[in-house]
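First chain A sits with chain B, and in the next complex the same chain sits with chain C.
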Partner chain A sequence: MKRILAIARKEFLHILRDPRSLAVSILMPLMMVLLYGFAIDMDLKNIRVGVLDFNRSAESRSFINEMVSSGFIVESARLSNRKEIEPGFRQNKYRAVIIFPADFSLSLVKDPVTQIQIILDGADGTSAATVANYLNAVTSRINLSYAKEDFGLDILPIETRTRVLFNPELRSAHFIVPGLAALIMMMICALLTSIAIAREKETGTMEQILTTPVVAPQVIIGKIFPYMVIAALDATLIFLVGKFVFGVPMNGSWFALAGYSLIFILIALSLGLLISSVAKTQQVALIAALMITLLPTLLLSGFIFPIASMPAVLQYVSRVIPATYYLEIIRGIILKGVNWYPRMGGILTGMSLFLIILAIKRFKTRLD
Partner chain B sequence: MIAPVLYLIRKEFLQIFRDHAMRGIIFVVPLIQLMIFSYAVTTDLKDIRIAILDNDKTIASRNLISALVESDYFKLVSTAPNPKHLRHNLLTSDADVTLWIPLGFSEDLATGNGAQVALNVDGSNSSIALRALGYTEAVVRLQAMKSLESFIQASITIPSNQTPSTNWDLQDEDQIATSPRIVPQIMNPRLIEPVMRFFYNPTLESRYYMIPGILVLLITLISAFLTGMAVVKEKELGTLEQLMVSPLTPAQLIAGKTIPFVVLAYFELAVATTFAILWFKLPLVGSIPLLALCALVYLLVTLGVGLLVSTISNTQQQAMFTVWFFLIFGILMSGFFFPIENMPEIIQKITVINPLRYFIEIIRGIFLRGATFDDVLPNLLPMLVIGLVIFSAAIMRFRKRTK
Partner chain C sequence: MASLEQNTDNTAVLIQNLTRKFGKFVAVDNINLTVSRGEIFGFLGANGAGKTTAIRMLCGILRSSGGNAWVAGIDINKKPELVKRKIGYMSQKFSLYNDLTISENLTFYGGIYGLKRKVISQRSRDLLDRLKLVGFRNRMTGALPLGYKQRLALGCSVLHRPRVLFLDEPTGGVDPVARREFWDLIYELSDQGTTIFVTTHYMDEAEYCNRVSIMDQGRIIALGKPTELKQEHNVKTMQEVFFDVVQPVIT
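Up next, the complex of A and B:
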């Protein structure tokens, strides 16, 4: 125990001696949460739509007004002929162009169905689908108001009464903050510890440690401890900012949140130490840590991209990524108020034990 | 003048390739990443898990359910016995969306009283929730419009015995032009139908949009990190002094330290692009020389960042952390994941200084829309300015230190 504390104290001194890295590891999470809590919005707003109106009638104008008044769409360009459509897409002036044919208003009173053409920039496929959806909804609203005037129909035949549970206003901060917490903790922890052993190897102080009577588990645990303090501090900051700045609700128990977060931090730290005991140089250790943590946590954990949409193989890969479980757990605790996750909690605990033991084992083999 | 630079370049390459972990990091890891992430970054929502409670059990309600299930978006996970169970499905994350069709649905639909369905969405994952909501409402709306149309059809057939209804459905535009028919105003429904056409990517494959972004990430990681660390490493090991006392001028030193990474980054871009085109069938509509030119301007930025950071860092850890710090901000504010136009105005203004934003925009334009030089110019110019500023700042700091 004394030896563990001695190693921990030595590691603390290392950290304190490099104030810039310490500042990065504490200030950066704070800045990230503040910035992204405000900046990230999954919902499309201010969709830029170009208008090519050959008709120029009261009807086409009222269509445009109805479209713009929804608040999601802005008219960003007024075109005068079809040749202008393509260059506008290439210069990214709008996401869609809506074309009213010359006989639009005439056709409206004469034909059973009046067509308008909508051309969308499919390059960003997901947004294009959403934009199409919005424009369809606008058309439906207009059709309905015509039906009301012409036939006295007052209501849509089927009305959906929609309720969003757990996050009624669909505030993206409520969903981003837990995701950022997982991402930041994973990266900070793994990056900090990834060099903890590699540095000793590179600077030659490893031999000195090896000549002392400490054994592998003591080194590993002693090295984990100080970083655990930093990571716990980071986590606390993130969740507090989430609650008090962004008003993320806390429907579950803080105790459960802290418990699962500690297990997750332990995983990230052990992963960093494992990388560190395998890598020969700091450079390799840092890059490996970055590649193993940053992009997988960002892309494969369900933080941004839905796991259900991935190919089957990647869905299996996402099950090896600790953040996948942690994210689901903390979203559940914070937003749904469900505190108890025996299966996922068990998997996380298993992962942390496995990684710590592996780090200790790998460290041992380097002793001889 | 040139010869010493060549020696330095040779030394740098030897140093990179000697380390077999570095060889892996440069040649193997990016391809694996490209492979995995290109499969992962699909934002198309498939298999939204829906739980349905149908208390109505009529043809109309079954029509609505099959319209949902037969679209590609939904997967029916359970048919709940009661409303409470639906909520439980959301609470345990067994379903993303629940739909309750209450008793009397078909009756209200038939009488035009406005039938109601209850749609509940799990909002805890709002990236899924928003789109799940959109898709479900779209399907329901389509059903609603269908019954609205049949309702309208039903009301116009009543007075239609007064007019010849024979050519009502058969009419085409010529007939309208030549034989104007007299039809009571009320009989013609004013109904607009949007005809959608998608340019550039008709199947709306979100992967095509994401892969160019991944290419940018890969060459950014390689060029900024490796340059930054290559210089600091010499500093840490004390070999930088040896280079300083050599007859190399600072300009030669900088050229020797950056050219290898320009070569590597180009190599990486070429391999990754070829791979993306052959494997993922990513279309490359625009011109390759234009892509190469824009990449060169972008490398000016990343190499400048790497060099600048190396002049203000003493250890590799510091260099890594500093680059990483800027990179995270750069990535998340580049429009790669989150459209810039959704951000608050003040943050949109901050993104003006983000070089990644411009390059991602350029590379997407060239790959997917066939953007020409004129099209990319509004993005290329700011990127060039940023690159020149950063690179000259790096050179100035570097000079000062060598003196």
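Up next, the complex of A and C:
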């Protein structure tokens, strides 16, 4: 215990003596959550749509009015012929063009089915899909009002009434901020500790420590402790930014959030130490820590892409990524107010113990 | 084959057929040595002769490829962790923390040797006094001249009062006055019963040792008291003895 304290105290002094690194380890997560929080805003607002109206009738105008009335879509260009469509896409004037044929109003009266054309910019597939969905929704609303008028229908046989729970406005920030928290904590924590042992190997101080009776568990635990404090501070900042800057509601218990976050932090810190005890230089350790944490957490944890829509192999891979469980837990706590996750909490605890033990085993008290 | 029994309390280091290979390269080739308690033993040799490798094995941080050794009566192959409690080690490369102050370095080493807080502060005060570092105790270690750093390194390696002290080129790069002062400290420790196992490049320092061995290409090629060796080779200084026994490297 005395030895663990001696190492922890020394590690604290290293951190305090290096204000630049300390600032980086606290400001970087803060910057990241702010930058990404604003950048990865998947809500589409003010989508620019071009209009090519060959019909110029009251009917086509009312369609356009209905379309722009919600505020999601703005009419950004009025085109006069088809030749203008493509250049407009190339110049990024709009994401979509809606075309009313010359016989639009006539066809409405005369034909059983009237067609309008929507042309989408497939270069940004996600936006294109959202625009298409939105325009389809507008179309069916208008269809409904025609149906009422023409056939005097007040009720339709089936009506879906969608009610979204937990994130009623479907704000992506509510979904993304917890993911960002997981990503940033995983990355920063692993980076923090990844150099903790490699640095001492480089400066030669490790050789000196190895000649003392200190044993591996004392070194590993002594080194985790100070970084735990910094990581906890980072986590607090991230969640406060989420709540007060991005307006993410907190429906669950802060204690539960803190508890599961500490387990997650422990996993990330142990992973960093494991890397550090294997790597020979600080640079190798840093790069390895970045590679191991960044992409898997970003792509396979369900942060951006839903796990259910991944190929089977990747679904299995996602199960060994700690962030997968942590993400589900904190989204549950924050958005659903569910505070108790015995199975996933157990898995995370198991992972943290496994990584700490592995780091201890890999830490050699000899040079060879 | 000598008896594996370590029969006398008077033997501090016993080395039998100790060997270390790195791949095909034999860094330490079958060496044998006995160092008595309280002795200042000079472990000499040219660069790359295998001195550091041998010392690392004796400190329990490098596995041997063959043979065995006992340090303070403890088997280095079987109980390296126990050896570490009995020894102090100062490496040729300065390896304390530059971003810690002198007293923080001492406190840290006291802590990882498991000493009580009270003992640490008392011994630190005592050591700082003897090492003439009292006025610098709150200075950042990195900002100190090399001579001071090396005195501090010595202090950190003796805080737990080791039975055997391994010094790997402790005075490298230090001016003659600082070297002289350093050797005064070594004598003091030796007088208190600490066995000193020291490597050096400086042949004037070799004269200060009770006994020396000279190593070349992994083997011990000369062993004895400096006066005896000089007589044997019919020369006046250890420097000449060294030149006499170490084969010139043909390039």
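Here is the rule we go by: the second predicted complex is superposed on the first by the 338 of 368 C-alpha atoms of A that agree within 3 Å, B and C clash if a C-alpha of one lies under 4 Å from a C-alpha of the other, contacts with A are read in each partner's own complex, and residues count from 1 in each chain.
Just so it is clear, a contact is a pair of C-beta atoms (placed from the backbone, for glycine too) under 8 Å apart; a residue touches a chain by one contact, two chains touch by 3 or more.
Treat the numbers as computed from the prediction; the structure is a model and nothing was measured.
Looking at the shared chain after the overlay, A:Thr205 reaches chain C, while chain B stays out of its contact range. Taking chain A as the reference, the larger set of touched residues comes from B, when chain B and chain C are compared. Of the two partner chains, both chain B and chain C are touched by A:Asp18. Of the two partner chains placed by the overlay, only chain C lies in contact with A:Ala6; chain B stays clear of it.
Look at A:Pro213: by the touch rule set out above, it reaches chain C but stays clear of chain B.
Once both structures are placed on chain A, chain A residues 18 are touched by chain B and, in the other complex, by chain C. Of all the residues in chain A, the ones that touch chain C in their complex are 2-3, 5-7, 9-10, 13-14, 17-18, 203-205, 207-215, 218, 365-368. Put simply, chain B touches chain A in their complex at residues 19, 21-22, 25, 29, 33, 36-37, 39-49, 64, 87, 90-93, 109, 112-131, 133-138, 140-141, 143-145, 147-148, 151-152, 155, 168-169, 171, 176, 183, 185-186, 188-206, 208-209, 217, 221, 225, 229, 233, 315-318, 320-322, 324-325, 328-329, 332-333, 337-339, 341-344, 347, 361, 364-365, 368-372, 375, 378.
Listing the residues of chain C that touch chain A in their complex gives 56, 59-63, 80-81, 84-85, 87-89, 91, 93-100, 104, 107-116, 156. Contact residues on chain A toward chain B in their complex (touch as defined above): 18, 20-21, 24-25, 28, 32, 35-36, 38-46, 48, 63, 86-87, 89-92, 108-130, 132-133, 135-137, 139-140, 142-144, 146-147, 150-151, 153, 155-168, 170-172, 174-175, 187, 191, 195, 199, 279-284, 286-288, 290-291, 294-295, 299-300, 302, 304-306, 308-311, 313-314, 317, 328, 331-332, 335-336, 338.
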